[in-house]
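Heads up, the next two complexes both have subunit A, just with different partners, subunit B and then subunit C.
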Partner chain A sequence: MNDDEQKLCHELDLAREIPVPADMQRRWHDSIDRAAQQEYSVRQEPARPFHFTSFFWGAAVTAALVAGIGIGAYLTGGPTTIQPNSYVVQDISTVSGAVPGAFTRGLQVHLRDTQQNIASMPIDTTEDRTLLVLQIIQQNRLFERAAEQNSSDDLARVLRAFEPILLRLAANDIAPTDAQALRDQLAFELKIMLTKLERDTSKDTQST
Partner chain B sequence: MVAVLKSQGAPNQAEFHEVISNRSDRWYSACLKITRNRDLAEDAVQDALLNAWNKRHQFDRSARLDTWIHRIAINAALQLLRKSRPGVFEPLETEVEGPAPTPENVRADEELGESLAAALTHLSEIERVCFILKHLEQWRLKEIADEIDSNVGAVKQAIFRAVRKLRVHMARLKGESL
Partner chain C sequence: MHTRLKLIVVLLALITASAGVAQSSQTDQDKEDLKMAALEALMHAPSEQALPIVIKVLNGDNSDDLKEGALFILSQIDHPDATATLLEFARSGDGDLQLEAIRMIGINGENEAMAGLIDLYSAGDEDVREAVLEAYLIADDVDGVFNIAMTTQSEDEYEEAVTILAAMDAHEALSKLREAKGPSDALITAYIISDNDAELRILALDGSDTELQIEAIQALGIVGANDADTVLVEIYRSTDSEDIKEAALEGLLIGDYDDSVLALYRASNNVAEKRDLLEVLVVMDSDSVMEVIEEALAGDQ
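Let's turn to the complex of A and B:
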């Protein structure tokens, strides 16, 4: 570029940066979160390739078992009625009733800790903040997985929704005002979730 | 971002958020100058981000993530401009003024700033795009020609006309201000 053209570009203020409207920028952040989320859910349910050898061996074992049971039933004379094992049924119901209670209490403790940690989190010291947020993310993932195992899909989804906000809070170059806004958002969401959990727990206690 | 979050492989979600927070003004400005349309500029950046996210495993760690996304955004803006106005990059034999402003252009011009917006209205689409790619994005003539499916001669001609029109415009502005 010659001097004259350089002068022209300078006069035109060609390199001036135009600030992005906040709502537009938020949409871009959200689109990355959605793409990551989509990828995550696809990864959770990988397509299983069909293995002919495994299928063949599986079919062979099943056929042998069916033949064995058939011969056994023939030799003992007549079909037998299989009675449900009452002990196992009782045992499963006890476990399924006990786990969510313990899980909910654990989750409440985790959420309360997170609430406190976020409230006392240093906004200006980036490294401390990032490490703390990473620890929260790790804990959050554990509870998310436990919720999935307990078939609490809604709860797992809510916990998963915290992660993008936490990741943004962990970013190195985030402006203190943005960090503060994210912290407020998190505090608000945590408060709602804790209130909801506490309400559900007290309902359960009253009904029993 | 601290080392714990910055993985050695493909850039992660936090790194994308970081560059969006810090560098999206630059991507948006460039796309807005190319398209002169706020919606197309937004779509271009959005397309670029999703494209970059999906191809993040191809990203070379020796380069900068924001520069990589910037380049993808420019290509997306050119593609969207071409799709919205087919034939936009066909070389013109005669001197023409820029197209009549649409409501979208008016909204975009408000953001571009008075002097730049006023100057760009005098340029045809091909002149504006070639001028911006050459003087703002520092693309080589051959790169511009390849991108807009033209030849180096036509690109040179478009830039030459753009510079001449802009000079006249700026001289007129200075004359008026005296």
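Let's turn to the complex of A and C:
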């Protein structure tokens, strides 16, 4: 990590106790809910506690707040606790080794949202880019934890691998050409992962 | 007139040439885009069919971007040849391709390739070493990073490894490192990053190195565990060192433990100390500060 990234991570870490704004939580839950809606009536299991601390750049959760969103939270309401959506984090033991469909669909929505955000990301205005990237990291962390809890180690590794790239993209001192290269790389990898997930989902559907 | 004609001819030639270059460049880009799309489409093919094509792309005369894409696809193919190719590129590739191959080994997570990372780390330059640590992080391989932290002779490399362990929330490994290598700035930072108040408490109470003790005391305030204030008050009360006292107070300030500072204020009979504590309460914007000020002005305390 370069100095800039370390500084950023340090700031994120210091601010991790700042509550997450309600509108941001709502956005997460909306995207997850959209994916999980179909399965809601079939399977609803109690939410497992979601440990949303640790992992320093994962603390990007709070970074977004540091960067400005937190001001909104401070002005608009009291602290709230991030809760994982029960459709995303579920007990894999009841699904006989398969990755739960709701989780997969939630992840697909996350990857598609990230793809769109990356594509429409402002390159020249550093602050806007940083803010957007930190929001992406925040969501990515959520799904990475969910992947771990759903025993999808391969997906967790890929999501984890996105984070250093996203952090580089969030850095203030990145040249526009480098930022574009990182965007292209992420766009490609997101597309591949979406294709893979869609392929696997399709196979599962055909085999049942 | 003759000169003007010449100039026009030259300008026309230039315009035609630049249009040609632009067109050629556009054609190249189109070709590259098409190759990229073809690469993406490979994800629909069975691994045994996709694998030789991906390897062909990697060994062919293609752009680095295309090869990097091929490496990512390789990381998603569950086949021994895919792993072997990644390892081969990580060993023999150069520049960004080598670094990408190392990252892909982390994403792939296959044991054999992961085992090959340590040799790459030992033989590699700074970029390679950083990429290897990142690969361990991606694969959540705590042991790999811990081994590097234990064996490296370089302070910078040790710090890097410790930071990665903190990012991985590797509490046990970080505790073992303190036991094996002793406390350090890097470890204190790692304990802050990983919210490890238990380790910070040990260091905050360890008076063998005052500088590190002071850092740990302040860090305890940053992490702000449930009973951190109790520990900080205990340290404040039990020490004769002004520096340690100040650090404990800073820890209470950072952790926003105004009730504890107020308790210290009320318990103190030393005017100078009370003044310092009052200042801290004011800085903390404590709810009780007006009450305390009135008491002080009335001479009650």
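Just so it is clear, the second predicted complex is superposed on the first by the 109 of 208 C-alpha atoms of A that agree within 3 Å, B and C clash if a C-alpha of one lies under 4 Å from a C-alpha of the other, contacts with A are read in each partner's own complex, and residues count from 1 in each chain.
By definition in this document, a residue touches a chain if its C-beta (ideal position, glycine included) is under 8 Å from a C-beta of that chain, and two chains touch if they have at least 3 such contacts.
These figures come from a predicted structure and were not determined experimentally.
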Larger contact residue set on subunit A - subunit B or subunit C: B
Subunit B versus subunit C as contact partner of A:135, first or second or both or neither: neither
Partner chain in contact with A:164 - subunit B first, subunit C second, else both or neither: both
Which of subunit B and subunit C A:185 touches, first, second, both or neither: second
Touching partner for A:116 - first (subunit B), second (subunit C), both, neither: neither
Touching partner for A:125 - first (subunit B), second (subunit C), both, neither: neither
First (subunit B), second (subunit C), both or neither touched by A:149: neither
First, second, both or neither for A:196, with subunit B first and subunit C second: second
Shared contact residues on subunit A - subunit B and subunit C: 1, 9, 13-14, 17, 164
Residues of subunit B touching subunit A in the complex: 1-2, 4-5, 13-14, 16-18, 20-22, 24-26, 28-29, 32-33, 42, 45-46, 49-50, 53-54, 111-113, 115-116, 119, 132, 134-136, 163, 166-167, 170
Of subunit A, residues touching subunit B in the complex: 1, 5, 8-9, 11-20, 24-25, 27-29, 31-33, 35-36, 126-127, 130-131, 134, 164, 167-168, 170-175, 178
Contact footprint of subunit A on subunit C as seen in their complex: 36, 40, 43-44, 65, 68-69, 72-73, 76, 103, 106-109, 130, 134, 137-140, 160, 163, 166-169, 192-195, 222, 224
Subunit C contact footprint on subunit A (complex, rising order): 1, 6, 9, 13-14, 17, 53-58, 153-154, 156-158, 160-161, 164, 181, 184-185, 188-189, 191-193, 195-196, 199
